[in-house]
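I'd like to ask some things about the structure below.
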Amino acid sequence: MIFPFTAIVNQEEMKLGLILNVIDPSIGGLLIMGEKGTAKSTTVRALADLLPEIEVVKGCRFNCDPSGPFCIECLEKKERVEVLETEKKKMEVVELPLGVTEDRVVGTIDIEYAISYGKRKFEPGLLAKANRNFLYIDEVNLLEDHIVDLLLDSAAMGINRVEREGISFFHPARFILIGSMNPEEGELRPQLLDRFGLCVEVKALTEKVLRKEILKRKIEFDTSPERFLEKWKPEQERLSEKIVQAKKLLPEVKVSEEIYEIIVTLTSQLSLDGHRGDIVLLKAAKAYSAFNQKGLVEKEDLTRVALFSLRHRLKRLPFEDPEAEVKKLYELLSIL
Amino acid sequence: MIFPFTAIVNQEEMKLGLILNVIDPSIGGLLIMGEKGTAKSTTVRALADLLPEIEVVKGCRFNCDPSGPFCIECLEKKERVEVLETEKKKMEVVELPLGVTEDRVVGTIDIEYAISYGKRKFEPGLLAKANRNFLYIDEVNLLEDHIVDLLLDSAAMGINRVEREGISFFHPARFILIGSMNPEEGELRPQLLDRFGLCVEVKALTEKVLRKEILKRKIEFDTSPERFLEKWKPEQERLSEKIVQAKKLLPEVKVSEEIYEIIVTLTSQLSLDGHRGDIVLLKAAKAYSAFNQKGLVEKEDLTRVALFSLRHRLKRLPFEDPEAEVKKLYELLSIL
Amino acid sequence: MIFPFTAIVNQEEMKLGLILNVIDPSIGGLLIMGEKGTAKSTTVRALADLLPEIEVVKGCRFNCDPSGPFCIECLEKKERVEVLETEKKKMEVVELPLGVTEDRVVGTIDIEYAISYGKRKFEPGLLAKANRNFLYIDEVNLLEDHIVDLLLDSAAMGINRVEREGISFFHPARFILIGSMNPEEGELRPQLLDRFGLCVEVKALTEKVLRKEILKRKIEFDTSPERFLEKWKPEQERLSEKIVQAKKLLPEVKVSEEIYEIIVTLTSQLSLDGHRGDIVLLKAAKAYSAFNQKGLVEKEDLTRVALFSLRHRLKRLPFEDPEAEVKKLYELLSIL
Amino acid sequence: MIFPFTAIVNQEEMKLGLILNVIDPSIGGLLIMGEKGTAKSTTVRALADLLPEIEVVKGCRFNCDPSGPFCIECLEKKERVEVLETEKKKMEVVELPLGVTEDRVVGTIDIEYAISYGKRKFEPGLLAKANRNFLYIDEVNLLEDHIVDLLLDSAAMGINRVEREGISFFHPARFILIGSMNPEEGELRPQLLDRFGLCVEVKALTEKVLRKEILKRKIEFDTSPERFLEKWKPEQERLSEKIVQAKKLLPEVKVSEEIYEIIVTLTSQLSLDGHRGDIVLLKAAKAYSAFNQKGLVEKEDLTRVALFSLRHRLKRLPFEDPEAEVKKLYELLSIL
Amino acid sequence: MIFPFTAIVNQEEMKLGLILNVIDPSIGGLLIMGEKGTAKSTTVRALADLLPEIEVVKGCRFNCDPSGPFCIECLEKKERVEVLETEKKKMEVVELPLGVTEDRVVGTIDIEYAISYGKRKFEPGLLAKANRNFLYIDEVNLLEDHIVDLLLDSAAMGINRVEREGISFFHPARFILIGSMNPEEGELRPQLLDRFGLCVEVKALTEKVLRKEILKRKIEFDTSPERFLEKWKPEQERLSEKIVQAKKLLPEVKVSEEIYEIIVTLTSQLSLDGHRGDIVLLKAAKAYSAFNQKGLVEKEDLTRVALFSLRHRLKRLPFEDPEAEVKKLYELLSIL
Amino acid sequence: MIFPFTAIVNQEEMKLGLILNVIDPSIGGLLIMGEKGTAKSTTVRALADLLPEIEVVKGCRFNCDPSGPFCIECLEKKERVEVLETEKKKMEVVELPLGVTEDRVVGTIDIEYAISYGKRKFEPGLLAKANRNFLYIDEVNLLEDHIVDLLLDSAAMGINRVEREGISFFHPARFILIGSMNPEEGELRPQLLDRFGLCVEVKALTEKVLRKEILKRKIEFDTSPERFLEKWKPEQERLSEKIVQAKKLLPEVKVSEEIYEIIVTLTSQLSLDGHRGDIVLLKAAKAYSAFNQKGLVEKEDLTRVALFSLRHRLKRLPFEDPEAEVKKLYELLSIL
């Protein structure tokens, strides 16, 4: 049984970062930087548990959305049958183990089989399981670079295409990529850092009253999980419904010329590589606005999500205080 | 034949750390730090030998508890038969060899077989053997990180789930994880350190009278093991019974508001990452209280187990005496 | 759907470097050096998308040009049939993953099959797919040397020949090689640097008005790609046509004696290894001239392309300012 | 043909260390530290050659002792036949090559075979050959740690148990472990050092008269081995008989309270990890006493074997003369 | 189509070094040291293209010379037929890829086949292809030592003999070994350096008039290769004929006592390892003399080839100017 | 065709070292230390070529001596037939390639075959070929330690025994081990150095008259090998006969008490590890005496071979002139 998302004490940044990605998956994932023992993995599992079931093509190994895009198998099935049957599924958190191989991630084509029986046979990898789910990488900074690369590419393309010796297979691979890392144990290359949509920092809580609350809720949950879940049910349903509504509202959210101006004024004063920061900032602000059931982006929406969107993209300039750019960002935000 | 647990001279910390984990396995294991030749592995084996037999589903390769949780095979059997037969088994110490592979730990699915015969065939790994037993890792600091990770994950989840190419298998994997290490031969990453429930330090005894006692008992045991075991039998049975009673009493142990307050007052004054320390401290105190046949946690229960629970989670702050936080813990405990 | 090439804001150097290679592929590829998030890969894909379809031998796995050169399979087919059927194909960007093996690049011969059935069976590699397309290597400086070597050799030869135990296979491998790299993450050996025809540097734009334009276009495209593409269609067609015309004009472009003199006067004053710089400079100038629908190379054509052609071939002299030679090149160009 | 043990000139320490282990194998092996060319391996082979044949179960691949313990095969045979036939065998020196694999050491189970024929098939490893023999590791400090570990574990347990995928096999593995090393070529981890029962140092002899004797005996042996063996036969038989008697006498040797007191007084004044030193010292003294046909341990027996038993367990204290503890041991022994 | 050898501007050292090896292959190959972009590989291919076709045993996989030595297959055929049929073949440049394996170089014996059919089956390697051709190794200093070793051994023996499990195969392996390297990218072990017969250094040309000529010829060739080849045909045929004549004349070239005296006077004043320098110097002088259609070696022939033959064999003496020995060689040559 | 041994100019040390090993193979091989280009490998091949053919059991894959010791196959044949047929064979130089594997050295047992057909099938390794021949290792200091170890063990034992899973095979492996190394390219561990019987140093000759002689003979040989061999035939036969006689005489050579005294007086004054030096010195002196057709060892025989036998065994004492011990040896020899 899973600890309820809404019963997690504090850690608002991490929770909001996750929710914004659920509302608009094109934001591009979340990197959670923080010390050990801060329930990072628990929080992700808790959110997946809270969300409503998704509708998938019945029997599809890739959780294809009945309204597309489709995997090659669903495409073929659609030609044979008129209507694809559907079923409901709980969302999952697919975890990427350290030391995972490329084949395990993308899946493999069984060439022998293809040659013998004239039919494609695809052994799905973790990306197949991850479609329309969460893909969680603990200690992403300890993973091999080419695997991280591959995951970020798949996340960006939304499709996983495997080709071996003329035989090819594809399936949608749209997932919310969550990475966690402890910066004390090694860094992530800036190239990779930049490709995570948002980035939050988490710390253990030091206020006694909060610590006590955490301790009590944990012991309460461990002692009798059923009773605890029952107690938190209304809170859980409220949040779940709020997220569902935000997803519906998102395409309607408006952006004024002034908001565009504020964004580029902000980012052009910072040492940022490329333009991904601008785009993510705007998308996150739109999602945040939708989460608050508003129809347009306002300045305070930007302020709320600017840190998540930009901080990990700020350069560390040589011969300067490594935090100089972060301070500048804070100043710029304070006078927004 | 195994040297009796109760005949082990001194080393009270290590012995208590083991016993608390037996009383409440959710404490999360024990890390024994100490020099060579201090009978670490012998002590673990001795405790396993002392404990009463456990009841398992007859013929189950995973030692499933007849009252669940069940492995996939027992689940299937339960649908066919009305009542699962049971048998009694001695607890075992499963040892993890250095250089062990992931497959050897988690087991493997024989894909060929599955395809040819249409039936899952699972070759159990060390986690299967370890279910409801002790899993002992000597020199845990020399083991590869991703294996330690995997073990700690399994220990935390209580289940071992193996999936290969669409075929999946699972069995409960609830074990008491005991690691030993000699800190002179390399450290353990703080990330991993934190995930061991308790941590004790052991040293060889220097008092002559104790050394002589150890020497005599060892020679006495080597010369005639049967006679030695006979002599220690009453002591062994007394301890065994005390542990059995403590396990029964544990769910009844009460925790007052004051105890909660003391815990967070203590931990919020220390440099601790996360909240695992608070939780383990409380659980260990409850188990200790039950071991002493008490119905509630008292201040002295906390004092007794605080070192085990917190010391390995204290941060070494840069530019400070590495032992500064440990000293602070001692001070805080002394004025509790 | 792909973002239109002509809608990419600014980045004229990178766009021109790509176009010149399309006009004259014997220029030898392009190396894009620049920070992350500057849409390097997007730009290459966008150009491929803009170009007209190519005509290929129908069913050929190597996209053979119906007017040759041919792969071994087309050669054999030509002996059997009178006229090879043709079909149209969109150009592709073949991407080279990090950690790719030699076999995956060049393809393999299935010896077993050849022996059993007396027929060559070739499993095409990435070079087969790349024929007459773009071959894109992200982070080329992180690729293993021998793979880069192999790619540059194939690019130089225009053919991929695989031999295993007396069985041989060949196909044309004429592709435009595009490498990208972030110089902050490691260098490329000068040996390899020199073998890329042109080299450009890209940076993120800092002017607010440009940033805003980028942001708006991206959001506009993301919101409704179809409408956006419709809007940019005329611009796209204009550029496509211009490139097609330049390719036709290229063989007619004249080079005067004075132009030869200027080139060698320029290069003999610089620390350049070998003569490749001279040759590429002249070819790029010819292509640029053709792109501007001119029949002869003029001094300003040289000035426009000299930096692309020479900068990455300048030596870093020991004990001198690393940028000394680059400054000299700027000076020499300014007085041309 | 093998050079006779008794004809080996001098090197009394090494010879005694070997003999004590033969008398009481529970002492736990011998580590020989010394320079090259000091006939370490020759001496071990010579001792094995001198000892009387052992009685084994006829045809047993593990040299099982007819009075047990038994390998799984002998156990099964015992159920079918009434009396196990026996045969005599010369003792062997099994040598462990550098670079040996774990499978080669412990043996392997042929899973294919087991599945196809329903019968266990075990391919014995070096431990099988070593049962009741000598296991010699030249340059033990160059062997991989996990192999040394495995050998020391087997030596300590006296059994080799191999399990693969549910099939298990076991056989006794009681051997005298002899390691040799040249300390100039790398150290052994203290963890491993401690687990060798005794440790001796050997040096080449520098006295001319001894060197000449060595040279003459070697040339004499090389010229006519048969004659040389004949000449040394009585001496060989005398020693062989003395060892046989000592083994018989050993269980009768008494230890007074005073001897216990002396041991712990000695060891508690030294920097020793653990208690293994105390135990080995007493066992070696008992074996030495038996070798001299005495019924009780006396102070001089301790003095004779204390260096072998303790020196390699002394810690090198930081910031102190590395030999300080050894000197202290000498002093303590001199005033015993 | 290949750029004509005689149209290569300047680079006389490299061209002569190649030609001398063609005239007398026992000189032992050529090492070309030089910066990138100096057409090293192009020049070798151009020379191979210029040389007349060689006569080979028809169908022989090893290009056996009809007058021997023969491969094992030709030897067997000769016993069956009276006269071996012959055919003409163009000489080839076999290139050794970086990262090549030993099996790929020497070929392999198919043991399975040999056992099943009782016939040797040899899969030829690169040495088979190289027989009587050029073997070109680009960046020889980056190749693994044991491969370079193997190549130099084969070159020295003139035969490639492969043995596996009692089955053996051999074929002549007489090739002209050409290595190239950029000394800025790592050195070659002196051991290997010494085994290349000759060594030349190449640099890009800096004179404007030569650079212009190179540029013009290249553009002329690229624009219309057929016309260019036609223009250079007479020059090509003249050189080809001159080389053919030199090969015929070589055995007749005389060496006077004075020439011997000059050689050893020269070499005994230099720091040279071994005697290979003396021998190569004389052979190169003889080949040079034959190239100039002379019947005897004269002092100026030695002067012309001394640098090629000796420079790479001069030792770098410790604590001396690394070029001291080279200067001494220049001085000694100037007063010859 | 092979250059005649007797035509090799100078290099008396290396030639004598080889000859002494041929006369008494129990000396234990020769290590040649010297710079490149000093014909080390040529000299070994030349000596093998000079020696008379050996008599072997007809068809034996291990060149078994008809008077034993025998390989397992010859032993089995001897039981079936009365007399083993014999044949004559030229001695060979078996060369050990760098990077050789253990299996290639010792051979392998084909387990599959053994199981299927119930017969041992042994694929011989290089040790099989080397029996009764020369085993030459070029650049022995670059070989992996465990291979050198294995070779030295085999050389010491005179037998190669291979065991795999209960199947065993053995054959004699008595060869003359010749290693060469260039000390500038890395050292050999003292452990291994000590196990080569003799050690010589070679240098290129610097005297002009000798260099000229080498050059002339080489050119003479290259020009017409047959004539050259004819010319040196008498000299070759004389040496061959001298060696044959020496082998016969060897067992008769006497050693006086004085000679023993001189040897140990010498060696006990030097820093030598172990006693191997004493033994080799005496054996080499005996062989040298026999080579000079004398019946007893004299002081000058010792003087002649002392350097070869001892120099590589002298220790380099810390904080002393590395050559100090060598100088002492020279002094001691000069006053002998």
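Note that the chains are named A, B, C, D, E and F in the order they appear, and that numbering of residues resets to 1 at the start of each chain.
Here is the rule we use: a contact is a pair of C-beta atoms (placed from the backbone, for glycine too) under 8 Å apart; a residue touches a chain by one contact, two chains touch by 3 or more.
Keep in mind the model is a prediction, meaning the values are calculated, not measured.
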Mutual neighbours - chains that touch chain A and chain B alike: none
Self-contact between copies chain C and chain E, residue sets same or different by half: different
Whole-Å separation of chain centres (CA-atom averages), chain B against chain C: 61
Length of the line joining the C-alpha centres of chain C and chain D, rounded to whole Å: 70
In chain C, residues with contacts to at least two other chains: none
Chain-level touch network, classified as line, ring, star, complete or other: ring
Starting from chain A, with chain B taken as the next chain, the full ring order: A, B, D, F, E, C
Touching residues (chain side chain E, partner chain C) in the complex: 35-39, 61, 97-99, 123-124, 139, 142, 182, 184-185, 204-208, 211-212, 214-216, 218-219, 222-223
Partner chain A, residues of chain B touching it in the complex: 26, 102, 145-146, 149-150, 165-166, 189-191, 194-195, 251, 255, 260-261, 263-265, 267-268, 272-279, 282, 313
